[in-house]
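Heads up, the next two complexes both have chain A, just with different partners, chain B and then chain C.
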Partner chain A sequence: MKGYTGKILFVNLTTGHIEERTIPDQVYEMLLSGVGLGAYVLYNEIPAGADPLGPDNVLGFTSGLLTGTGSLMTGRWMVVCKSPLTGGWGDANCGGYFAPAIKQCGYDGIFFTGIAEKPVYLLVNNKGPQLKDASHVWGKDATESEEILIAENTVKKKPAVAVIGTAGEKVSLIAGVCHDRGRIAARSGVGAVMGSKRLKAVVLAGSKPIKCHDPQAVKEISQAFAGKVRKQNLPGIVKGGFLPVMGKVMGSMKRVAPLDGMLFASLMKKWGTPMSNGMSATSGDTPIKNWAGSVKDYNRSYYSKINADHVIKREYRKYHCYSCVVGCGGVCNISDIGQGKFTHTHKPEYETCAVFGPLLMNRNLESIFYINELLNRAGMDSISAGHAVAFAMECYEKGLITREDTGGLELTWGNAGAIIKLVEMMIAREGFGDVLADGVKAAARKLGRGTDKYAIHAGGQEPGAHDSRFDPMMGVHYSVDPTPGRHTIGASQYYNMTRLWEKVSWAPAVKIYPKDEEYMATDREALKSVAGACYKQIVDGIGGCLFAQITGVQHWQAFEWLNAATGWNKTPDEYMLIGKRMQTLRQLFNIKHGIDPRTFKMHRRMAGDPPLKEGPLKGRQVPIDAMMKLHWKHFGWDENTGVPLPETVQELGLDQLLQKG
Partner chain B sequence: MKVKVYALPFLNGDAIDEMGFMEVPEGATLRYVYKKLQVPLLLRPILLCSVNYEKARMDQVLQDGDVISFFFPISGG
Partner chain C sequence: MARGEVIIDYQICMGCGICVQACPFSYLELSRYGNDPYKRLYPELEADHGCTGCGICAKECPLECITARKKDEKKDVPLS
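So, the complex of A and B:
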């Protein structure tokens, strides 16, 4: 009765053997659930040096510790595995309705090892788990497959499905796992691992109750949070045209203030993440032209075409994930695009709009809607796919590849028709598309000719669409996280809004400060980035949403919810120690698998080498080497190598826990 | 008494402590906070400010523990 079930399901796809395993309470107290539980299982189960696409890799689906307890915005599920993209720890998470479904089947996680002889899917309902033939859906896209599997397996309750599309089947290293017709756990190449195992889908139809320690206390915290969110509504006078103006102001601001994150909810309710389309383009937050351009290139005649109001014009239904009171998602009508090939699509997220818009100098919003649906159905990560196209365009511009390489495609900046065609080729692994279908690092390796200069990545993974020259702490996390290139781990903006210092004794307090401080490698900045990373692990351990996190700990009360759900009565400092342990375990996983953390440093262009010559980030440079060292030092890892120090491993009790495992 | 203030970067935050609180006299109104923050007169009509997440008037009398937030969107993910 602590919010978790204490059980996992372990499926060997080679032998077909399925077993239930009990996880000791100590594991949850030390690592929570979600990504922490995943790290515990994978560290112990995957032998060092295992091929990420081979039978020894373990693919896991985990729910958050708070999922289903009555807490809010804690419905994200995690996919974990050894990443074929980076060679180290891999995870991705997604909203929708799959996380509670895992628990309703009686488990905190479902793990797969081995490789099936033929395509299969796992069905779990109240009668138990069984592997079923998936030949009839193999070769179909994720949306169509999901609809077929739901129709086949609905008895009383409609099941929740996690499924790969054709990108995963073709083992594209930038494939993700899809859910609810277009949500996707996209990063780390998790879909490639699922495809390599010939596991098409996981179909969950259980209906067991989810119990916790003090549901009434959980409810009271939830009511307070929901009450505040309910009040967050923008006045009618605030239109989308206002956002780029605000972006411009932000980009020119010499000082930074810790704002009230709760107000962020009002923007998310109205526009969802596309609110940033115009605002981030003008502030400097959005990388432009493969990270080599600025808003001087992607000027008003461009960014005004992808503004948030244009996006929501097509939205006919709002979309809320499980236990969400914001509802930043939406479903959009696209029946007039692409000769009516698709009727609707999930509202494209900011990331998708940014990498298929400014990153490619593309101002054709209709093409972005269309590509969004193509990628959602194929189950391909839009962040990585957009960067792959940007890489190809810059190589084309520089003359390193020609129309002969591209199969006749004219890959000029902003050529929407060519972008669509190239994405279709990547999904089908046809011609030049096959070169790009495994991400930019692999593409540069295949092409040679000095193209690696334009392959923007960190440790093999393409970065999120948030410029590290705008928020250097974002660059630190791109470079030091065990899953590099991730925009969801930490940043100054996140730290300032999360306001950890209100509850965590060692988290540096922030008042209004000069923006230049963010560009300095100091102990204070490093402590902030460490605190951000530790807290994000907690969020990923409880199934939390980043957008809830950044409303602030004073509003979205994760620590209090955890105590109410588990009865542990831990302090925020004690929970942060759990976060530190989780992050250190993920790093230890990488060390076990031969990763040198120094090789995860982001592409030099992302650190302002060479610096941009115009725009709001003109001249900005990030001392990334020094920042990485300080971050590692304050984590208790070797400041020169990024390897966790033996005394840190011991202090965190990981030596004991892992030996027991 | 103390009120919590989420100020904007271009305002004067000297009167706000590390936890975000500002000391205000009994009976103080929102106007007092504006004065302390040195909110430029020109910006006042376009700044969105709430007290306890409700629309507020300049002559609204503040209570101990009130939360005063200024609206200024930042980018998301």
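So, the complex of A and C:
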């Protein structure tokens, strides 16, 4: 009755053995659920040095602690494993309807070990779990497979499905796990691990109730939040053309002031994440031309073509994930693109638009819609795929690869036809596409010839489309997180809107400050990045949405929901300690598997080495080494190595918890 | 033949989909366009539903905007 079920399902794909395991309450009190539960199970279950694509790796699907309790924007599910992309901790999360479905089957998580002899899928309904033959959907794309599996497994309740496409089957290291015809848990190569296990899908059709401590108190908090979101609507006169102007202002500001995050909600309600397409291009937030260009290159004649209004022109309905009152997603008509190969696609997210737009100097929005659907069906991470194409284009420009390498493709900047063809080749692992299908680090290793200079990544993972020279704290998280290169962990922009200082005693308060402060390695900036990382772990433990988080703690009241759902009555400071414990456990996972945290430092270009010569980020440099050290120090990790200190591990009680595991 | 039905107050509903996932028979779906300019979808019973009026959707709705009832109770609850 605390929002979690206290049970997980453990499936050995080699033997076919399925068992239910009980998780002690103490684990939830110390690590919540979601990514925390995943870290607990994987730390204990995966032997040091295990091959990420071998039978010893464990792949888990977890729901959030608050999922299904009546709280809002807490419906994200998490995929966890040892990442084949980074060699360390791997996770990816996704919206849709799969997170409550896990709990409705009676579990907080479903974990897989071993490798099946032939393709299988797991079906769980109220009668229990069973492994079933998946040979009839193996080789089909994620959307088609999902439709077949739903049709053949609908008895009473329509199942929720997590499924890999052909990219996962072909063990592309940048493959993800798909859901609801185009949502994807994309990062860390989780789809490659699923494919390596010959696990095509997880199909959940349970209808068990999800119980919590005080459902009425949870509802009261939800109603207060929903009431605020309901009122957040932009005036009709505000059109998409306003966004690049706003970006220009943001990019030129010498001082920064924290805004109320609810403004963000109103933008999301109207446009979703593509609101950033024009705004981030002009502010300096979007990396351009493989992180070597600026808005002087991707100028108005480019960014105006991909601006938000052009994207939502094709949107015929909004898409809400489970328990979401904002509804930033959408479904778009694309029947006139690509000779009608596809009728519709989920609205491409900002990240997809940015990496297949400005990063490649591409202004053909139709090509971005088309690629979005190609990738969603194949189950390939658009962030990594876009960076792989950018890497190839820069190598081509520099003469390090030629048409002979590319199979005749003219990989010049902005060549939309060549970009589409190359993505198709990557999905099929054909010719030069096979070189790129495992991400930029592997591609540079395969090609040699000094191409690694243009492989933009952190610790093997391609970064999100947010420039660390615009928001240096983003660069800190790109470099220090146990899953490097991730744009969802923390940033100054997120911190300023989340307003943790209103509830957490040690989180530095922010008023108006000079933008230059963000570029200084100070204890204060480090405390902010530590606080952001701790809170993000809580969000990932409860199934929370990043876009809900950054409306601010005074609006989206995660701490209060947690107390109402569990009856724990912890203070925000106590919850932040849980976040610190979760993050430290993820780091310990990496240490156990031989990762040197220093090697996760982002590519030098991302830190402004060499600095850009024009645009809003002209001359900006990030003292990343000093910032990483300070971040580690304030986490209680060795400031020189990033290894959690023994006293920190002890203070957090992880030594005892892990010994018990 | 449906034995029950649900009434949703669309002035309050925000299309969060919790009721859709809660329905043990998947009779609710997000398919009704509202009056807002954003093309949001709201829940409604599917065309050939067999709603039993079990009330699980109403119980789960965080905004308390759903009323569920058995058909034989219909005369007691006025339709809005």
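Basically, the second predicted complex is superposed on the first by the 661 of 661 C-alpha atoms of A that agree within 3 Å, B and C clash if a C-alpha of one lies under 4 Å from a C-alpha of the other, contacts with A are read in each partner's own complex, and residues count from 1 in each chain.
FYI, a contact is a pair of C-beta atoms (placed from the backbone, for glycine too) under 8 Å apart; a residue touches a chain by one contact, two chains touch by 3 or more.
Because the structure is a prediction, the values reported are computed rather than measured.
Participant: Looking at A:H136 after the superposition, I want to know if it touches chain B, chain C, both of them or none. Which is it: first, second, both, neither?
Facilitator: So A:H136 meets neither chain B nor chain C here.
Participant: Using the superposition described at the top, determine whether chain B or chain C touches more residues of chain A.
Facilitator: B
Participant: Have a look at where A:E351 lands relative to chain B and chain C in the superposition and call it first, second, both or neither.
Facilitator: first
Participant: So in the superposed three-chain picture, is A:D260 touching just chain B, just chain C, both, or none of them (first/second/both/neither)?
Facilitator: So A:D260 only meets chain B here.
Participant: Go through the superposed model and pick first if A:M246 touches only chain B, second if only chain C, both, or neither.
Facilitator: So A:M246 only meets chain B here.
Participant: Output check: A:R300 vs chain B and chain C. Expected answer is one of first, second, both, neither. What do you get?
Facilitator: Neither chain B nor chain C is touched by A:R300.
Participant: Show which residues of chain A both chain B and chain C reach, each in its own complex.
Facilitator: none
Participant: Quick check on the complex: what are the chain C residues that touch chain A?
Facilitator: For chain C paired with chain A, touching residues are 14-18, 20-21, 23-26, 30, 33, 37-41, 56, 60, 62-64.
Participant: List the residues on chain A that touch chain B in their complex, please.
Facilitator: Spelled out, the residues of chain A in touch with chain B are 228, 231-232, 235, 238, 243, 246-247, 250, 253, 255-260, 262-264, 266-268, 273, 275-276, 279-280, 283, 285, 350-351, 464, 466, 487-488, 493, 497, 499, 501-502, 509, 511-512, 546-547, 550.
Participant: Flag every residue of chain A that touches chain C in the complex, lowest number first.
Facilitator: Chain A reaches chain C through residues 70-72, 97, 100-101, 104, 154, 156-158, 160, 207, 209, 218-219, 222-223, 226, 229-230, 236, 269-270, 315-318, 320-325, 327, 330.
Participant: Which residues of chain B touch chain A once you look at their complex with the stated criterion?
Facilitator: Listed in rising order, the residues are 6-11, 13, 16, 18-20, 48, 50, 53-54, 67, 69-77.
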